[in-house]
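Listed after this line are the structures, all set down as structure tokens.
Paired with chain B in one complex and with chain C in the other, chain A is shared by the two complexes that follow.
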Partner chain A sequence: MSSPAIQVTDYSWKYLHSTTRAIKNIELIVQPGECLGLIGSNGSGKTTLCNSIDGLIPGQYHGIKEGRVEVFGTEVEEYRRGELQRTVGLVFSDPEAQFTAMTVEDELVFGMENLGLSISEINRRLEWVCDLADLSPLLDKPPYEISGGQKQRVALAAMLAMQPRVLILDEPTAMLDPVSRERVFAVLARLRKEREITMILIEHSLEHIIPLADRMVLLSNGRKLHEAPTRTFFSDLSLLRQEGIHLPGAVGFSGYLRESGATTDEPAISVEEAAQQARNLRGAAKGELS
Partner chain B sequence: MNKTLLGYVPDASFIYLVHPTIKVLFLLVVSLFPMFISAVEWNVGLMVGLMALTVASRVNMRTLKIYIPVAVSMGMIILLSYTVLGGRHPDYQVITRIFGFPLYWERIRDALVVYFRILPMILTMVFFLSTTREREIIAALRAVRTPFVVTYVLAMSMRAAGMVMEDFRIVRQAEQARGFDSKNKPLPYKIRKYVMYMVPLFALSLRRSEEFTNALVARGYSFRSKVKRPDYILSRYRFAWWDGALGVVIAALFALLLVARYRFGRFTVEDSVLLRYLHTILIPGGGA
Partner chain C sequence: MSYVDVIDLAYTYPDGTQALHGVTLSIESGEMLSLIGQNGSGKTTLSKCLNGLLLPTSGNVVVDGHDSKSSSISDMVRRVGYVFQNPDHQLFNPTCRDEIAYGPRNIGIREPEVTERVEEAATVVGLGSEHLTEHPFFLTKGLRQRVAIAAILALRPRVIIVDEPTTGQDARQAREIMGFLTTLNREHGHTIIIITHDMDIVAAYTERILAMAKGTLIADNSAREIFSNPAIMERASLAPPQITRLAQALGDMGIHPGVLSLDEMIAAFEGS
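On to the complex of A and B.
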């Protein structure tokens, strides 16, 4: 059996000058090709965990590390400098903060140049990401002069062009309006269809994360509180409510039906499923009346 | 339209056919021309040529209007410093006296020479910045095998300038929103309170540095990396025969200028028809 894409074992991290650990005894396994949704309130340790998988921690930050973080069977600290980033791509929430070039085109090729790819391969991948994220009309523009949604698509495409085996998205739509958010998630959905890529997705808007994620993890105060396949994850909503997680309307509605005993169906995780549950209930009620 | 360092130039401009290295060569060499030309009319001719190139490159000339007040005030400053503040020179030719101060022909002549040397230099720079994109400067430097780190630091400095300005705007708006505004206040007050802007700006810069470093690491960049970078940017700019021809023309013109100046004594003050004419007008019957 092949090794997991990511294996986090009894992992804790404490930033220098901090009195408490940001991550506490986390155990996590992500299989190749799996999409993991990571949720939790601000300060729950989501970003710290993702930075640990990408090697930014402990590479760029000082602190105390305990436990192991392995990517494809190798501890992140054992990767040579720059080597881990070929395997793990990280997209940050603030797209502007990650721009490193003067035009969108240069931005997209910067990572590929660092990989030492040939010009023909760069052109091939450039064409692919431009098509995937609809960026062709923007290639000549400075990345800091385009709209927020376009910026995030550029940041995402720049990372995808490097074709990492693992893609981590840290609140990629936190700064976007709903329309731009939809477009970014449409890119991710298309990516999941076209390529087998391991993905960790941190996102507050659950209605976008649910259709993509195979499994969900809830973090709170640096600890893993709950982990389950996406549908099962929403079978008990009390913990999520207690943690202040804003539930999508469909999930909340389905949960209410289940909690009130009106249905014993599996939790609905989309509007269509919730509507079907409502139709089933109406049908059952009609049957009882007749 | 493509955004250049000073404005926008239409996609259809011929200037995009010119390799960035030739543009940089043009800037470096042509801006030296006036240093070797004292004859005013030749520098005026150079300016006319530069204006013609700017128009032919389809630069929006309206954006250049902002330089007119600068050029006028610079001319006034030069003229005043050469005449009023130029001191007394008994051996110079006096044109007239204003409130007892003698106005010398030599000082006016020198002021004109200096002024018409500076103007084409500025115009060369304006032409370059109006027709060149940041990316082209990087491409030009890479084309002459400048180390990647050097060009990258330069590129980031150019970008950082814009980011700092944007951050400054945000900080100022945030402080205005909380009732702090130095607008219409005396200059000493503004200077004293400037620290109110500097502290958050400094904090923002630190945060940006951290984010930027993380972004570089996330993109697999390392200063010590042994990976040979393919220099994609150069694949976007190919040297054409006309680039070579332009380079030769620029170098040849410069060589001709030096020969004409130092071998045949041309382009000097004494060689200037315009200055001779002006002299005959200002000092009728006087020797130069």
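On to the complex of A and C.
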């Protein structure tokens, strides 16, 4: 059997000067082509876990690591310099942390040049991501002199252009307007259909992860508190509420119907499904009356 | 005349980008409102015009009867405070105490009063004294956001504009931040303008919405009105909160298209 895309085994990490471990004995497997939604409150360890898969930890940070973090069967620390970063693309929530170039165009091209792509391939992908993230009018601008959401779109586009096998998105759309946000998630969904890409998606807005994620993991205080296929994940909302997670309207409403005993259906996780549940109940009520 | 009057405002950046044109609006003292709109629509630029960081290319910004073109920047920042979209762009002092004291010192407030203002601002945003001696960069994002807000509060402006205060915050922290912004509004009488892309926040905390698209104001109305007007929503690249969309999908069951919360949705459903 081929190895998982990501396999994390009894993994703990303590930043050098902190007293507690940021990640505590985590076990996690993500299969090639799978999309994992990762949620949890601030400080729960999401970013630390992702940085560990990209090799930034322990590469760029000092601390104590225990256990193993493997990408396609190889421990991240055993990859040759630069090799892991070709496989795993990481988009940060702070786009400026990623910028190095003087213009938006150079920012988009830089990573592709590093991959040694041909000029024609670079141009093809440049056109693709510009179209996708609506960046054409901004190409000549310095990446610092554009709006917050535009910066975030540049950061995301630069990573997508490199087409990594594993894509880790750490709150990639927090600054996007609702429509641009929908568009990014539509692109990610299309990407998943078109080729095998393994994804880890972190967002506080569950509404956007749900349609994409095959499976969800809840982190709390460095530990894995809950893991399940996306729909099943919402069977019991008490844990999520206790962790202060904001539930999307449809999930919250379906939760109300289920908890009040009105329905025994599975949890609804989209507007359409929740609307259907409501309709079925009213239909049933009318049926009883007549 | 209102506390803030913006009259036919246009702003063009030095590189020729026309970020605002034909913006006219008024804000009364004591309001709490949200400023929404697509990326690049001009929200941040408008805010910087309101507090005098940017001066109009044409048109006027008048705050408390003073035109920004003929006021000094230190006069403007006493009236309108702007908390940056990314607090890290605002914080540069070695301790939180210095960070919060920076503004008042800069406009010539004397030391005993500076200390008083720092303590007051820190209390309002819920920063403990243990945090005041720390370096802002070692705090969590939620706390840094508070320091950034406290630094503006210490200038005691009547109007406070907070640019995307809940971005990158989890739901609990977002509620806390919105909670104390509401307190600032209700109990301390500050006019609060929230810039946000989070429609759940808009629906839950603000009554009046200013919606921008492509450098101009396209709507100025209540959340309920705007969310139930598909034409405006589309022009502003907006989508109503999911709970509102659920209500709209059930319109034929007699559920109002302007539902703004789960509680309203449950009540509407039980009454249907």
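Here, the second predicted complex is superposed on the first by the 273 of 290 C-alpha atoms of A that agree within 3 Å, B and C clash if a C-alpha of one lies under 4 Å from a C-alpha of the other, contacts with A are read in each partner's own complex, and residues count from 1 in each chain.
Heads up, the rule we're going with is that a residue touches a chain if its C-beta (ideal position, glycine included) is under 8 Å from a C-beta of that chain, and two chains touch if they have at least 3 such contacts.
What you see is a predicted model, and the numbers here were worked out from it, not measured in a lab.
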| task | Using the overlay on chain A, decide if chain B and chain C clash or can fit next to each other. | result | clash
| request: Give one of first, second, both or neither to describe whether A:221 is in contact with chain B, with chain C, with both, or with none. | output: neither
| said: Touch test for A:86: chain B only (first), chain C only (second), both, or neither? | reply: first
| task | Determine, under the contact definition given at the top, whether A:232 touches first (chain B), second (chain C), both, or neither. | result | neither
| said: Just to be sure I read the superposition right, which of the two partners does A:99 touch: chain B = first, chain C = second, or both, or neither? | reply: first
| task | Kindly classify A:280 by the partners it touches after superposition: chain B alone (first), chain C alone (second), both, or neither? | result | neither
| request: Considering only touches as defined above, state whether A:145 meets chain B (first), chain C (second), both or neither. | output: both
| query | First (chain B), second (chain C), both or neither: which does A:31 touch? | reply | neither
| field | Touched partner set for A:9, first chain B, second chain C, both or neither | value | neither
| note | After superposition on chain A, the chain A residues reached by both chain B and chain C are 94, 141, 145
| chain A touches which residues of chain C in the complex? | 13, 15, 37-41, 44, 85-86, 88, 140-142, 163-164, 167-174, 197-200, 237-239, 241-246, 249-250, 253, 262, 265-266, 269, 272
| request: Using the touch rule from the top, collect the residues of chain B that touch chain A in their complex. | output: 2-3, 133-135, 138, 155-156, 158-159, 162-163, 166, 208, 210-222, 224-225, 227-233, 235-236
| remark: Note: in the complex, chain A contacts chain C through residues 40-43, 93-94, 96, 141, 145-150, 153, 171, 174-182, 204-205, 207, 244-246, 248-250, 252-253, 256, 271-272, 274-275, 278-279, 282
| task | Spell out the part of chain A that touches chain B in their complex, as residue ranges. | result | 51, 54-56, 59-60, 81-82, 85-86, 89-90, 92, 94, 97-103, 105-106, 109-119, 122, 140-142, 144-145, 158-159, 162
